[in-house]
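Per-chain numbering from 1; labels A, B, C and D assigned in written order.
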Amino acid sequence: MLEIAALKRALGLDGYDAKREEEMLQSLTSAAMGPFGPAEVREIFTAIFRASLDIQRIEGRNSMRVFRRDLVPASGFLVAGVPIGGPEPVLFLGPCSVETPEQIEAIAAFVARVPGPKVLRAGAFKPRTNPHTFQGLREEGLRLLRQAADRHGLAVVTEILDTATLDVVAEHADMLQIGARNMYNTELLKAVGRSGKPVLLKRGFMATLDELLLSAEYVLAGGNDRVVLCERGIRTFERTTRFTLDISAVPLLQKETSLPVIVDLSHALGRKDIMAPCARAALAVGAQGLMIEIHNRPDQALSDGFQQLNLDEFTQFLDSLGLPSAALPEPVLEGHHG
Amino acid sequence: MLEIAALKRALGLDGYDAKREEEMLQSLTSAAMGPFGPAEVREIFTAIFRASLDIQRIEGRNSMRVFRRDLVPASGFLVAGVPIGGPEPVLFLGPCSVETPEQIEAIAAFVARVPGPKVLRAGAFKPRTNPHTFQGLREEGLRLLRQAADRHGLAVVTEILDTATLDVVAEHADMLQIGARNMYNTELLKAVGRSGKPVLLKRGFMATLDELLLSAEYVLAGGNDRVVLCERGIRTFERTTRFTLDISAVPLLQKETSLPVIVDLSHALGRKDIMAPCARAALAVGAQGLMIEIHNRPDQALSDGFQQLNLDEFTQFLDSLGLPSAALPEPVLEGHHG
Amino acid sequence: MLEIAALKRALGLDGYDAKREEEMLQSLTSAAMGPFGPAEVREIFTAIFRASLDIQRIEGRNSMRVFRRDLVPASGFLVAGVPIGGPEPVLFLGPCSVETPEQIEAIAAFVARVPGPKVLRAGAFKPRTNPHTFQGLREEGLRLLRQAADRHGLAVVTEILDTATLDVVAEHADMLQIGARNMYNTELLKAVGRSGKPVLLKRGFMATLDELLLSAEYVLAGGNDRVVLCERGIRTFERTTRFTLDISAVPLLQKETSLPVIVDLSHALGRKDIMAPCARAALAVGAQGLMIEIHNRPDQALSDGFQQLNLDEFTQFLDSLGLPSAALPEPVLEGHHG
Amino acid sequence: MLEIAALKRALGLDGYDAKREEEMLQSLTSAAMGPFGPAEVREIFTAIFRASLDIQRIEGRNSMRVFRRDLVPASGFLVAGVPIGGPEPVLFLGPCSVETPEQIEAIAAFVARVPGPKVLRAGAFKPRTNPHTFQGLREEGLRLLRQAADRHGLAVVTEILDTATLDVVAEHADMLQIGARNMYNTELLKAVGRSGKPVLLKRGFMATLDELLLSAEYVLAGGNDRVVLCERGIRTFERTTRFTLDISAVPLLQKETSLPVIVDLSHALGRKDIMAPCARAALAVGAQGLMIEIHNRPDQALSDGFQQLNLDEFTQFLDSLGLPSAALPEPVLEGHHG
């Protein structure tokens, strides 16, 4: 049927040297003997030729760092002292954007009291669809984020948008986030690979798992093995959720790589009402961490307020997961911080 | 239906400020005349017109049986004595197709020993993509399936393809399955609605959740409330799995309807190696049952052998879920039955 | 990478007999000699084994009627005297649904005056998403449609939903339409294959081109070669149009089969404002016909009013295509017919 | 933006009756008090609030440059003397990548003789999925491309991947291409907006048309109005083509903006055999230009060889379009240039 072209593409035969194959086949078929006629010999050696290309591909794969299972030990690796990829799932918590000193301080204070491994997340450089909406506090946001994290002894991950701001982001953050819209940004991937900073790499919402692994390979090929992969929903025809959470991506990625795999629930779902069952599913499937947007005043958020949990909602959420939340204090009263 | 959230998002109301709306409403209602010119009045009443359409839609929704939460009690309902939708998840187990007396007997004997609520599933009428492949044993398959089930005291679900064979299928089965390819087959939905037999309704692999609920409404509108909804993967750009398991469909459907919701893992994934973690995810998200294809000799299966677990694999699978499998005997030796 | 499973599926190796392959490989490798070691021999014969399966597939394809290029002559075939698949594109015109005697008469009178080959289309049995909306006039609609067509010497195509109503539809229609929602309805495909009536087969909005060709094969395998394939838009993430018109489907299908291929613009687009340029594109790409919904009073239509052209709009549309419309009279005044 | 139609559809207003709405508005405005109780008043003013949000959105839209129809005159604009967006379609021709001095010289010499407006395209910085494949000649490629173009009096467009290389790319190119993988790269969009260089902006393969228009707005908001939009296929479930050419995107974009819209056939299709009919469709639908990859030796290409036309194929292609090719010389003999 129609799939020959698709097959060639799947086999990596797209640009293979047809002329060289033809010459080989000519010489082979002219020497055909035994039980096979020239037509059969041609078929068989076409198959062999393809198989050898296949083997080259598999060898190519074996030489890639992303597929090596020895790079990340069973205990995972540390990001500013926080173990990621180890036995305990890690929570990546914080607002969509750094907005004010009071806001990020209130949230950092809250996150610090969440039990277990956690990282403070918040955007200073924001890749918004509409150029006339809030674009982030940029350098000022980085400073506020770092200061709040330091006051509470937290590790920080924040998004990097461009190679030009790599130095300033790397100076303030413990971990660099490559967002879904930059998963194919090869220059940026190379740059964070050279930086040596741990990387949180989100799957593009139109990216296959193979493409995600190859984007990770861009980072690892630069000598940087501390990469966390993040499933955050793919774009499909279904619009009841903002994206479609591809839960099977987690075990599929874990079969291919030893890099830790986490799930960003806030962006995958784009709604809060089903976050608890989906978080249970993500942990049950084997995710090594969850990213969840929380905000002390979601109703005043400058971006994505509708999908951020308030601190009270988050405490209830944690309870419903069966994760320890006993140490968590009463929900912080809104607006009384700083 | 489910589209209130989508509607809000389309309207840009996702994160809208309820407090500010309240304030505006207060000041507007206290000064409802005067400040508006003819153009504003027109705009306002255009809005009223839209709002009234909205209300009509919500009223239409309220009159549909699929959205009534009183139809299915908390204990669920019985299908040939098996409680579905109650506290225990139900396993729908069996081969893709009924193939031989020995095959279905071996599998039925095995299924009978699985602890907990379960239903034997197997296809007699097969909707194959290619007309030149195995189309099922049809009536003969129904008879073999019924006899094997009766020997082991099992309830049976099997797919119905057409209104013309409704009577013979209903005579042999305890539950009628509408497959993904027939979810939009309105004549068939009406017919099974009139039949009174419990129905297992699979989501079309390109169907929105709203469309699934409306297909269920076709059945319920015929007076038949014993309907189980089944998420079985949607078609997306990702091809690592055969379809993409839309795990969030489970809680989203449960928010809208009291009909039980189950997950068909075999068709969603099309591969066996990640079935255990995905089953854990499905149960964790709240699925009220799992459908899994099992076969005593998958390597000899006449359809979809690659995605059917053998009996030994299934026993290990059950162990890995933490579901009780202690009562399960040694895996049945292949080929010694009949 | 992850694509081995996908590859096997693409190759049709899903359910291949691994045990038999292993036995063959064992015996072959134990007799390895010459320049190749056992590992190489294993690789080579694995390739040969796969190639032979490939050849079986291609042979299977060659035996299918849908791929035979001799079944439909260059002049196409006749449906009630209308040449389809010949040099002139055919217009399939009419309302979404038969609604009243006056409505179908007004539209039939108009269609009769459109120059060139044309077929009157209208639905009597409607597969609506919502069970509480208009389901068509059913048998009464068939009679009204046939009478109006006979008064104006038109050929008629109408949708068939179920095998149970095949006889009555075949009695009234010149051509049977299988809608997008029934493209996978194998029982219905077999039945229309046996009926001998020409068939208009729409692509399911989630169906690959291979699946469409295999559905056509179901009809042809029954001995019925007068089948027209219809591209009508696929479901994607883009929602600016109701579906996404897959224009490249037309030449791709024409490369595989000699069955005529047409485009249903109304359902693909779901909007009227870009119908003229898209119709020009469809004709330019080689479509052998266009289906367009027209209605004398779209504002009163009982289904899909928003996407139906009124008769005046259609006359302008025809002008803009450069198709002959000189013979077309003044647009029929609305509401003065019957 | 484009979402008015989507919004209406979400609201169920697609086919709403404007006349009936007018009548209701008349009667409501004449009786605006009395019949409503407090609950109704609340509902009504909730609707008013929503309407005012709607109006704000439309006002936001009106202030965006991308929607202003006065920015690009009917004659289009010039890129190094080549009129783009005027009455004649523009051809963007050249290889996927600059590879050798001989290769780019041979292709430039050929392109120079193609009649009508044309631009030489070739990649020097390549955003490859796999980090271990050819990444482009980078600065050296820019120099080779510029020199070959200058020898033949051609305008040049080439892809820019990162703000850090903006200056060097802008120095050598007449037009900057933002590839599909960078359509959401807001830092890069802002930078090319400030550069003042004409921009060729490709649609991301999972981007809605609204998102494409907003990405263009990023460039225009920087004061740079010479932007060309490029449809290049979207990612869907269909894999017979590499992507799915969304032909209706062309007229939909042209309804919203006066920026020229072109179609990249090579990437949309990923195969050569249906390029001619699809090119006819693109021109028929109103595309103001076509991008097509051509190569003097596709079988030796370092990237995407399978989808590049050789020079002979391109000459035949041009003939089949009915575009003037008389002036085109005999296909350049391969390998004799430099």
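As a convention for this text, a contact is a pair of C-beta atoms (placed from the backbone, for glycine too) under 8 Å apart; a residue touches a chain by one contact, two chains touch by 3 or more.
Being a predicted model, the structure only gives us computed values, none of them experimental.
Trainee: Applying the document's contact definition, name the chain pair with more C-beta pairs in contact, B-D or A-C.
Mentor: Looking at B-D and A-C side by side, B-D shows more C-beta contacts.
Trainee: With centres defined by CA atoms only, which chain is the most remote from chain C?
Mentor: For chain C, the chain whose C-alpha mean is farthest off is A.
Trainee: Could you please state the distance in Å, as a whole number, between where the Cα atoms of chain A are centred and where those of chain D are centred?
Mentor: Going by mean C-alpha positions, chain A sits 28 Å from chain D.
Trainee: Distance-wise, how many Å sit between the C-alpha centres of chain C and chain D, to the nearest whole number?
Mentor: 30
Trainee: Could you work out how far the Cα centre of chain A sits from that of chain C, in whole Å?
Mentor: 41
Trainee: At which residue positions does chain C touch at least two other chains?
Mentor: Touching at least two other chains: 2-3, 6, 206, 208-210, 214, 235-237, 239, 252.
Trainee: Going by the contact rule at the top, pick out the chain A residues touching chain B in the complex.
Mentor: The contact residues of chain A facing chain B are 206, 208-210, 234, 236-242, 244-248, 250-252, 255, 268-271, 273-274, 277-278, 280-286, 298-301, 304-307.
Trainee: Once bound in the complex, which stretches of chain B touch chain D?
Mentor: For chain B paired with chain D, touching residues are 3, 6-7, 10-13, 16, 21, 24-25, 28-29, 32, 41-51, 53-55, 57, 206, 235-237, 239.
Trainee: Would you mind writing out the residues of chain A in touch with chain D in their complex?
Mentor: Touching chain D: residues 2-3, 5-6, 8-9, 14-15, 17-19, 60, 63-64, 125, 127-132, 135, 161-165, 181-182, 184-190, 204-206, 211, 214, 217-218, 221, 235 of chain A.
Trainee: What residues of chain A sit close enough to touch chain C in their complex?
Mentor: 1-3, 6-7, 10-11, 43-44, 46-48, 50-52, 55, 61, 209-210, 213-214, 235-237, 239, 252, 256
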